[in-house]
Structures are given as C-alpha cells and as structure tokens.
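Both of the next two complexes hold subunit A, though its partner changes from subunit B to subunit C.
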Partner chain A sequence: MEIKDKIIVRNDFSDTPGARYKSDGPNSGELFLELLLTEKFNNAVIGNYKLLIDLDGVWGYPSSFVSGSFGKLSVDNGAEKVLKHIEFKSDENSIRLENILKEIKNPKKKDQ
Partner chain B sequence: MSKKEKNKKYHKIRSVYQAKRRTKKWKERKRKALLQKKQGFVAKQKYMTKPYTNHKAPEDMSFIDNTDEVLEYFNDAKKLFKDKEKVEFDIKDISNLTPDTITLMIAKLKDVSYTRKGEFKGEAPKEPKLRKLFMESGFYNFVATSRQNKEKTKNLLHKEADYKVRPNIAKQACLFGMKHALGRTAPFEPLYEILVECMQNTNNHASANDEEKLKWWMFVYNCEDTNTSKYSFLDLGVGIFESIIVKNYITKFAKKLGAVPNTHFVQDLLNGNIQSRIDKDNEIRGKGIPQIVAHSSFDEFAKFQIITNDVKIDLKNKTHVKLKNSLSGTFYYWEIKNVA
Partner chain C sequence: MRTKQKIVIGITLVIVLLVGICVGVFTKNIPILEFERKISALEALTFLVTVAIGIIFPFLIKKWVDDNQTIKIYLVQEIEQLISEIKENKNLIAQTFSDGEFKSEDRDKINFTFHSTELQIESIQKQFEVSFPNSLKIVEDMKDSFRVYKDYLTGGELMISTFDKIELPFYREHSNEYNKFESHLKEMIHKVHRI
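Presenting the complex of A and B:
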C-alpha cells in the first residue's frame, strides 16, 4: 500500500507530547487525536493508502499520551485497521516504536 | 406602574423591613453577631501577641533517608497549627538536610489546609553547607522574607497551580538536570516521560470529592559534590493508597481477607493492576506507574523512591517498607548520574 500522507510529530504537533486529555494540560494525546490523527487516518482508510507518522525529534512519548491517542484510535477502529493504514518511522529509538505498536495491538493490556 | 404606585410599593417593603428589625429574634441575632465579631477581634489580638512555639527539627532532616522522623516532625507541626499555635520551625542546629526535605517543607508551608492560615517562622541552618543548600534552593522565593534572602537561586523549584501536566516545565527540568549530570542536551526520553507521568498521576490520585485541581511541586537540585541531579516531585493529594480507585480495590480484598496493610498492594500498584471501573476510558488507563517502574531500571537513575501514605517504595532495589507515620500525598524522588 502506498504512503500518500504523513505526520511529523515534532513539526506538525509538538516536540513535547503531554498528558492524556486536553483538560490535563497542553499537547495532550486527545488533542493530537482530534487535531491530526483521526482525520488523517480516516482519509487514509477512505483513500486506501498509508499514513506515515514520523516519531523522531521529540522529548518522549509518555504512556498517557500514547494511550490517549494511538490507544484510543485502536479501541475505536480496531488494531488491524490501524496498522494497515499507519506506518511509523523512528530512527532514533526502536523501544519507543515497539511501545506504540504494543499499545495499538493491545490497548487494554497493562504489561510493559 | 405610576410614580404613586411605585412609591406606595416602596413604603410597603420598607415598613415590612422595619417591623422585622423590631422583632426579638432579629435583635437577638444582631446581638450575637456583634458579640462574635468582638470575640473574633479579641482572639485575633491574643493570637498576634502570642509567642511562637519552638518546634525543634530532628538532626537528620533527610526525608528520603530518615523518612519516619521527618514525617513525624511535619505531622506534629500540623497538630500545632490545628491547636492555633504559631510555629517556629527550628532547623538551625540540624546536621543533615537534603533537597527532598526542602520540597516537602515548602509544599507544606504553602498549603493552607496544613497551616490553617497560622503564622510560622524559621531560620536557615547554621552549618555552612546546609545553609548554602537552603539559601540557594529557591525556598525564599515562596515565603515572605527580607530581600537579601531572595537573591541566590541556583536550582529549579516549581509550583504548579493550574494545569496537571506541563510538558514545557518537564522539558525545562530535563535540560536543567541533564546538562549538569549527563553533560548533554539531547532528549533522555525516560526522564521526560517519568516527569509527565508524575504530573499526570497527581490528578488520578485525587479523591472523588476533591473538585479542585491539585498543586504539585518539583525541585531539581544539581549537586556539585556528587555530580548528580536530584529530582523531587510532590503532590499533596490524598496519596495513592487513599485515592478512591485504590481504596475501592483494597476494600474489595478486605471483604475477603479482613484488614490488609497497604504494603500488601504495592506489587499490584507497580504492575498497573489497580484500575478504576468507573473512570472514562478505564480500560486503556493505568499504564503511568508501570512506565515509571520500567524506566527507573535505567542505569542513569542512581536512586528512585516513592513515598505515599504509609508506604515507602524503593524502585531500584525493588523493596518497600511500612512507615510509622503517613504522608498525605505522593512523593517521587530520583537521582540521575552519568554512566558513560
């Protein structure tokens, strides 16, 4: 499947991902989901292409942010569909990528 | 309504009010109010002239190492405030003081539910090294003091009153410690993620009745002697084991097993097994503490402890102890050092 769209987290959102909900503070997972992720993901599903998400250049991905964005997207749409239409890029840190993929595949599991 | 009718209505309302003022009940109420006002004034005058109660600190004022004694000291001071005493925090002669204690002290003194708006005073320790630590901590930026005390602040002491999570403050705290201890400015993700999760947890552990947002305190102290950065993070909420989520979990067990100490639930807490059944998105929550636990194993973290209610957890040694005294809130402490 061809990649036709992308999100560079540090440029398009922030280099300091924050809390779970918007009410918790700036740069939340919920804000990321509403502002960018849901729309771009839905467009990728409709257009049958892949969305590339570049994870590099940020200070970290707190678990609350990850579950409030990628975890929520997975709960709402199913892991298979999410992974079919989203590809991640993380040259700096493979553990971060593994954690996000783990969250998508099993958003309800709490094992690290 | 004509002017005459308006006038008539006004006089009617006025006469009803005047009649009320002549009743026995009204006069009695006014008399009592005046008496109370006088008594309040007298009590205030009495309080103003009252001497301070000297509250001598234990010699070892290290919260992280001498936890029970330091907690007892602050819990006793709370009782003094409750008894309407003016408190002198006497730390002049202490022989040990660590940055974590300064965090606890300032957070307590700025908490109205702790001081009950009572007066307090104190002086910096006499011992030169401890005095330097105290003066440079930024403590004096948060209390009323003479101008000269406010001058030297070399560390990062932050009080948050608005948001739970402040990503920019987390980044600033990372940079502040990393430059000193790790000698770099490139992101060290575990440190940033731990800071955000500590902030995020301040809200998670509030009691159900606590509508107001919790304040948290963070202190980053760069120690020149050991080349480490010491992080203290404190929220004065109800503490993890007194939070509604954990309390419900414990109650469920208590029904089967009888009273069980909080220490019994430490492993479940660290593994993220304790979760709410009523919170929004409860199924995907509860990964914050497991993330902190996982990150604490990095070699860069020289020490990592959590103190909450009557439990002290050492994440590096994977041990925990029951405390004699209790902290109402949650305290995280860690040190970072260069391992390269």
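Presenting the complex of A and C:
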C-alpha cells in the first residue's frame, strides 16, 4: 500500500507531547487525536493508502500521550485497521516504536 | 631405648618390608614395552593429529572463554550505564520532593531521560542479537519491566500540568516502582554472567 500522507510530530504538533486528555494540559494525546490523527487516518482508510507518522525529534512520548492518541484510535477502529493504514518511522529510537505498536495491539482502555 | 621408640622402629621396619614386597611383585609383572620399527601412514597421521589437538585445543578454548568473558563484561557495563541513566529520574523525584515544587521542565527532563534510557536499551538489545541471540528473552523481560516503570511515571498523574508538588505517598510509591526496575537490572547482570 502506497504512502500518500504524513505527520511529522515535532513539526505538525509538538516536540513535547503531553498527557492523555485535553483537560490534563497542553499537547495532550486527545488533542493530537482530534487535531490531526483521526482526520488523516480516516482519509487514509477512505483513499486506501498509508499514513506515515514520523516520531523523531521529540523529548519523549509519555505513556499517557501514547494511550490517549494511538491507543484510543486503536480502541475506536481496531488494531488491524490502524496498523494497515499507519506506518510509523523512528530512525533514532526503535524501543519507542515497539512501545507504540504494543499500545495499538493491546490498548489500555481508560474512562474519563 | 624406651618402649615407645621400639614400637616406632618396629612399625617402620614392617612398612619398609611391605613396600619392598609390593615393588618386587610390581616390577616382576610389569609389561615390557616393545616398539615396532614400521608404522603405517594412518597411524602416523593419527599420532600427529592427536598431538596437534593436544597443543592447539587448549589455546582455542582459552581464546573462546576469554572472548566470551570480554563481551559479558562489556554488556554488564552497559547495564550499569542503564542503571545510572534511569537513576536520574529517581534523583529528580527526590530533589523535587525535597524542594516542594515540581515544574514543567522537570516533566520534560523525565521524558527525555526515558528517551535516553530507551536508546541504551536498544544498544543492549543489538549486542545481545549479535553475541547471544539465544538469550534474547533476558532483554525482552527487561523491556517488560521497563514498560511497567515508564507507564507508572509517565502514564499517570505526574504528566498532568496541575501536578506541581510531589507528596509523600507518590514519593514512596515511586521509590517502590523504581526499585523493582533497578532490581530487575541487577538480576540481569547475574543472568549475563551465567550465559
């Protein structure tokens, strides 16, 4: 499947990802999901292409951010569909990549 | 001459007599070695190979053991480096607890320390893949333990922007979670030595 769109987290969102919910403070996973991820993911599903997400160049990804964005997307759409239409890239940290993929495959369900 | 001395001399004489008998019987029955002047090429080759193995093998074994030991020592140093990196979080939590103030920059430092720690884990994993590919479970277990600690610190209240002070219950709970991960890393050092 061809890659036709991308999100560079450090440029398009922030280099300091925050907590889970918007009410938790700036740059939350929920904000990332609402501002960028959901729309671009849905477009990728409709257009049957892949969305590339570049994870490099940030201070780190707190577990709550990962859960509130990628985990929530997986809960709403299913891990298989998410992994079919999103490709992650991290040249600087493969463990970060593994942690995000684990979260998508086994999302922690949190109730607000 | 006292009785005690007489007994000692008597026992010595008996022992000398018995040893003499034994030596006589042994030398009488010892097989006589005879060497054939003609040997086959196969026997000569076998003899040379045996001598070569006898000389070369100890050197190879020693080199293999030494190389293995060097790699293990290096891996242990890498794990110790990981412990010292993750300890920065423990020190920061202790410092901010004592200061009575937790700032946004402290949150960024914690996230960056986890990023550095992940790079260190990646490095250890790569070395295991090259040198001990059959022992990768040790690294997988360590990564699971790391995720539990990271989820505790960056998956909860500490990441919320209104969290501006470390209270005693959080400090205690964090110490427990930190110690679990540090203990896991120390156990890992023992496991590396036992590979």
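To be clear about the criterion, the second predicted complex is superposed on the first by the 107 of 112 C-alpha atoms of A that agree within 3 Å, B and C clash if a C-alpha of one lies under 4 Å from a C-alpha of the other, contacts with A are read in each partner's own complex, and residues count from 1 in each chain.
Everything below uses one rule, namely that a residue touches a chain if its C-beta (ideal position, glycine included) is under 8 Å from a C-beta of that chain, and two chains touch if they have at least 3 such contacts.
Just so it is clear, the structure is predicted and the values come from calculations on it, not from any experiment.
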Mind checking the superposed model to see whether subunit B and subunit C fit together on subunit A or clash? clash
With the two complexes superposed on chain A, say which partner A:T16 touches: subunit B (first), subunit C (second), both, or neither. both
When the two structures are overlaid on chain A, which partner does A:D91 contact: first (subunit B), second (subunit C), both, or neither? neither
Could you tell me if A:D24 is touching subunit B, subunit C, both of them or neither one (first, second, both, neither)? both
In the overlaid three-chain picture, which partner chain does A:K102 touch, first (subunit B) or second (subunit C), both, or neither? second
Counting residues of subunit A touched by each partner, does subunit B or subunit C come out ahead? B
Which partner does A:G71 reach: the first (subunit B), the second (subunit C), both, or neither? first
Given the touch rule stated above, what does A:G60 touch, subunit B (first), subunit C (second), both, or neither? both
With chain A superposed, which of the segments 7-15, 61-69 or 97-105 in subunit C collides sterically with subunit B? 97-105
Do any residues of subunit A touch both subunit B and subunit C, and if so, which are they? 16-20, 24-26, 59-65, 67, 93, 96, 108
Which residues of subunit B touch subunit A in the complex? 163-168, 170-171, 174, 187, 189-193, 196-197, 199-200, 203, 271-273, 275, 281, 283-288, 290-291, 293-294
Inside the complex, what are the residues of subunit C that reach subunit A? 108, 111-115, 118-119, 121-122, 125, 143, 147, 150-151, 154-156, 159-162
Which residues, counting only subunit A, touch subunit B once they are in their complex? 14-20, 24-28, 58-65, 67-68, 71-72, 75, 93, 96, 107-108, 110-112
Any idea which subunit A residues touch subunit C in the complex? 16-20, 24-26, 59-65, 67, 92-96, 98-99, 102, 108
